[in-house]
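Here subunit A shows up in two complexes: once beside subunit B, once beside subunit C.
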Partner chain A sequence: MTDATLSGPPRVDTIQSSYLAQVQRRRLYGGLTLAIFALLMVSGFMVADGRNAGGFWDGLHNIGDYPADVLSEAWEKRADLPALIVKYFPALIETVNIAAVSTLFGACAGLVLSLLSTRGLARWPRLIPLFRRLMDVMRAIPEIVIALVLIFVLGGGPVPAMIAIAIHTAGALGKMFSEVAENADLKPVEGLASTGATWAQRMWLGILPQVAPNYLSYALLRFEINIRASAILGFVGAGGLGYELRNAMAWGPGRFDEAAAIFVLLFGTIVLFDQLSSRFRNRLTEGHRA
Partner chain B sequence: MFELRNVTKRFGDKIAVDRASFIVDRPMMIGIIGRSGAGKSTLLRMLNRLSDSTSGEILFDGQDITHLRGAARRNWQSRCAMIFQQFNLVPRMDVVSNVLHGTLNRRSTLATMFNLYPAADIHRAIEILDRLGIAEQAPKRAEALSGGQQQRVAIARALMQDPAMILADEPIASLDPMNAQVVMDALRRIHEEDGRMVIANLHTLDTARRYCDRVIGMHDGRIVFDGRPDQLTTGIARDIYGAGDDFSEAATSTAIEALNSAEARRLKAKALV
Partner chain C sequence: MTAIDLGPAKLGAERLIRRKTLLAFALPAVVLAYFTYIFFAFDIAGLAQRANLDNAVTLASDSWSYKTHVTRSNRDGEITYAVEGERKGAYPEGTRPDWVTGEEIVTVDLGKGHLVRLLPENRAEVTIPGFGVIEAQAEGRSVTTNLPAETPDWINAGPRRVAITTPEGRITLTGSKTEVFNYFPGWELFWFTFDSPYYGHGVMQILFGDRIDPARSNLAGAWADFWGNPMWRHGDVAWAIGETILMAFLGTMGAAMIALPLAFLAAKRFAPVMLLRAATRRLFDFVRGVDALIWTVVLARAFGPGPLTGALAILITDTGTFGKIFSEALENVDEKQIEGVASAGAKPLQRYRFGVIPQVVPVLLAQVLYFLESNTRSATIIGAITGGGIGLLLTQAIQTQKDWEEVAYYIILVVLMVMVMDWFSGWLRARLIGKKD
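Right after this comes the complex of A and B.
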């Protein structure tokens, strides 16, 4: 190695200095990126605050005023609360029902769409982009817009809300399902194809058993999200708890006790389903603990 | 300096390690042999405190390490490095970063999250890599290396910890015979040159015989043999592996010596080309 004419392996100190130079370059780029990011965040906040009608800092201390009004009035009329909760319980059932039915329909549509748009599984591989864009569209249009259009056409009630949420669910779940299906093992599918099975048989018997736990877990997560969505759609006249909440809040002071009762119901339901489904999802993904 | 007293590990109603006891009075190279499922890995993981023992105690320099918690436990883990069968490196990070992970216990969490290490540590990491003959691989991603090279990176990470003891859990089980020899030679050299204690789980008898000063045989969670390699007769080996009369040592061998030596030289020359 002392012979200069021989090109032996590089010496340790050259490796060290070249690696250190590389590290310093990486740190420099990292630091610059961080600085630019911080600068953009700060300037973006200034712009947004400047365009805000009231001003962020001026309005900040008022943020608790409305909840304080609602809470103080509800506290004065706390004796009525149980009766009001009973009164609004049917509306809650309606809200949860909308969420459940739309999750079910949305998940079924999402399942078909996902299989049709997964490379390696698709029935018509050339149409994959078409189905993908279709799902993009379904996800991109806000539920509330679809619901408003449908309410205009079909009239108010739970059906437009259900259709609106189902369309969004199909798009959202379809994408997640298709990502799971991409990682599925294709050997069982090949095995089934060798026996002369149809596409539907290959998917149902070869892919579904592999992906079912993941699919169920995503569908449960979507169900939680849909309960919130279905409550919000009530605001635009789709019935259920949201409709009652809008009425109670629009009347202003005097009916805040009803608003509080509805908040309690909504909060309780979301916590309940959140707990239930997270427990169920854990069981599905991790299996039973011994 | 190192002592196990009735160390036991239970999984449900199954006993994985049953009252294991032994004393090590000076740094040496110890091989633990036995077939898979004999409790070798469980024992090693308890020494490193990756898993907790059900009962019994482990003493190092008079200190009971079985009940260490939090920072004290992590400090013990940094003094007792571990090498795994599947190398357990971070595949997408470069080799030097992987070696620098050996200093994690000494550095602040925030600095290490941004991959900020002192230049002196970086120099030392590359020196260790050079000692193991893989300094040229320093800037590459760990996943781009061959199995034998990855295992040497793992050894470098262990050395970076500057540990009192190195535990190796089947370090050569996923390597071909050539690489297995390189890795075992490296472990032996570390023991001889640095005076560090090395405890290695091995599933082949001849590796244990060739590299270790002391052999511990385990069968069904119990220690059934503890002595010098030359005390290990074929009869005892049969007991350890639970084999019948047809058992021969060559059946567990993966070493190149199992081929005749001329053949071995030819293979070695070919491998180096």
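Right after this comes the complex of A and C.
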């Protein structure tokens, strides 16, 4: 007993000193990480600045010039704006259509791929790594690569963009779907298997009802992303609003009202679908919880 | 009792089943109707006419093979040999491929009995097994041949130009020159071009063999010649990939650093002033809604093309996205830890540092790292628009429509780059948060 009290103080001491040493080491590591990060950011910025056509500090004053030019010209011709919006509305529809079709196709392919690559559900368990790598590659190829190659083969238009986005969507959704499917309850599947259901029936009736709300929510999120992607792909020649924007930009001053109309349409569409889908997704996840 | 209860329950169940049946038929019908509309809106039927299968064949064969041009100028009779017909790929003076023989009469052996004999006085003989010998003579601007009026479809003969396409190679005769293309699999001159002394030497020879170029050590010289390879431009490509990753890194990290303090202003817990909160949220919505495409276009006007423009476009767009995600994470913070720190006498700033930040850091880091990977892909696309990084090289190579082996090379590099970034961000996430996915 007395021994314990006697040997107490030095032990507290050692504990305290080792704790302080530990804290110091952690601070040192934290500080070092922060310093390296800061160094990377600053040097990265310098390199990027050096390799840019115009410098950052010179360009900073001009950042408002282009929007101001566009806005002032659009304001002067504000009477034409509604007519221009009507004129470019079909292009907008095309952009949204590209996104919708590619999301539909991509989600269907992603669904099949996800079930084939989830442990416990896969049709051919030995091929799981193969399907996973396939999804990795589909996800890794940027849409623009497939789109540009397909534009060369199929000619410009919405179809190359649609295929390109669908491939990427299949890979991205496949991964998310498979994460959801991993947590699905296997009892319905076993029950269906005992009645002699085929693999497709087991998935359709046993797994899909469980995961449908989550899948739908992810697919909607993807739809939002795909609208942006389809607008960007239009810029490299795949039709839709992006294509019109590039043309309007190429004309330069004098046609800025057209550029402004396209900006308005694009901005409005993105915000509208963001709001719609986030509202719907909230309902899906809350309904799922209840 | 049970009979009374069962009635409405059965009715309800029947109504539910009827609704489900309707839905099960209506949903596919709606999708089908939509696809029918798309079929006409996208003009799928007309696609077959617009599609250019020749382009597809060129693309597929060029991406894994190369051709060596043998060109005879009919003006002075001089014969040049060049890979892909490029000056950078030309055989040095006095050398030629080993499938070309003869001095006065130069014979080009295309393989499998296909022979092209370049005779004096601008004459040429093409031997094709199973068809015969085609004789051609270039005079002035016209070409005369012994071909019959009816030619098979792999021969395209006119008074000014004769083109013969065989599986072994292609022969084009015009008044001014005679060209023979011989196809080989692989990417020729990938390591060194002909003007490098290291061309044709193996790895072991370069690493352990005698000094090849007396002026330089083997390793340094080989590296310099490989890095500066004028055909494949490995150094420029590496720089371009670095630029693309730099755009993603600067954009993502910059956005995270700007979004974090702003997210406090947008979270209900930390910003009691309604107006400020609403204003910050609308700002996030605005920069997110404008989208990277428009930001790129606007910024390119101010800063010119280059990686900085791309980085700033990513930064601005993602500030909105991060702001939204971060403020949602901040609203779900556990109050107890803040109270605990406060009860120990922490000032407001310390309360944030020790009560809030440790709770949200895992969520934020996971998001930032996920976006780092996804932005590498965006940076490729933005680079194609604003002119920087591997995206620019890729679009340029595709638009010239001839260097498909370079396109294939860039595509492989882009896919590898994205996969490495994916792996790296996953590894970093596991290290920092200690969670495996």
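The criterion applied here is as follows: the second predicted complex is superposed on the first by the 230 of 290 C-alpha atoms of A that agree within 3 Å, B and C clash if a C-alpha of one lies under 4 Å from a C-alpha of the other, contacts with A are read in each partner's own complex, and residues count from 1 in each chain.
The working rule: contacts are C-beta pairs under 8 Å (C-beta built on N, C-alpha and C of every residue); 3 or more make two chains touch, one makes a residue touch a chain.
Since the model is a prediction, treat every value here as computed from it, not as a measurement.
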Next item on the list: Check whether A:Ile270 is in contact with subunit B, with subunit C, with both or with neither, and answer first, second, both or neither.
Entry: second
Next item on the list: Using the touch definition from the top, say if A:Val23 reaches subunit B (first), subunit C (second), both or neither.
Entry: first
Next item on the list: Would you sort A:Gln201 into first (subunit B), second (subunit C), both or neither based on which partner it touches?
Entry: neither
Next item on the list: For A:Ile15, select first, second, both or neither according to whether it touches subunit B, subunit C, the two together, or no partner.
Entry: first
Next item on the list: Give one of first, second, both or neither to describe whether A:Val137 is in contact with subunit B, with subunit C, with both, or with none.
Entry: second
Check: Regarding the shared-chain residue A:Ile63, is it in contact with subunit B (first), subunit C (second), both, or neither?
Finding: second
Notebook entry, point to check: In this superposed model, does subunit C or subunit B come into contact with more residues of subunit A?
Noted result: C
Next item on the list: Could you tell me which stretches of subunit A are touched by subunit B in one complex and by subunit C in the other?
Entry: none
Note to self: Touching residues of subunit A toward subunit B in the complex: what are they?
What the structure shows: 9-10, 12, 15-16, 18-20, 22-23, 26-27, 30, 290
Notebook entry, point to check: What does subunit C use to touch subunit A in their complex?
Noted result: 31, 34-35, 38, 41-44, 47, 50-53, 55-56, 59, 243, 246-247, 249-250, 253-254, 285, 288-294, 297-299, 301-309, 311, 377, 380-381, 384-385, 387-388, 391, 394-395, 398, 401, 407, 411, 414-415, 418-419, 422
Checklist line | Contact footprint of subunit C on subunit A as seen in their complex | finding: 37, 40-41, 44-45, 47-49, 51-56, 59-60, 62-63, 65-67, 93-94, 97, 100-101, 104, 136-137, 139-145, 148-149, 152-155, 157-159, 162, 228, 231-232, 235-236, 242, 245, 249, 263, 266-267, 270-271, 274
Note to self: Quick check on the complex: what are the subunit B residues that touch subunit A?
What the structure shows: 12, 96, 114-116, 119, 122-123, 126-127, 130, 135-136, 138-139
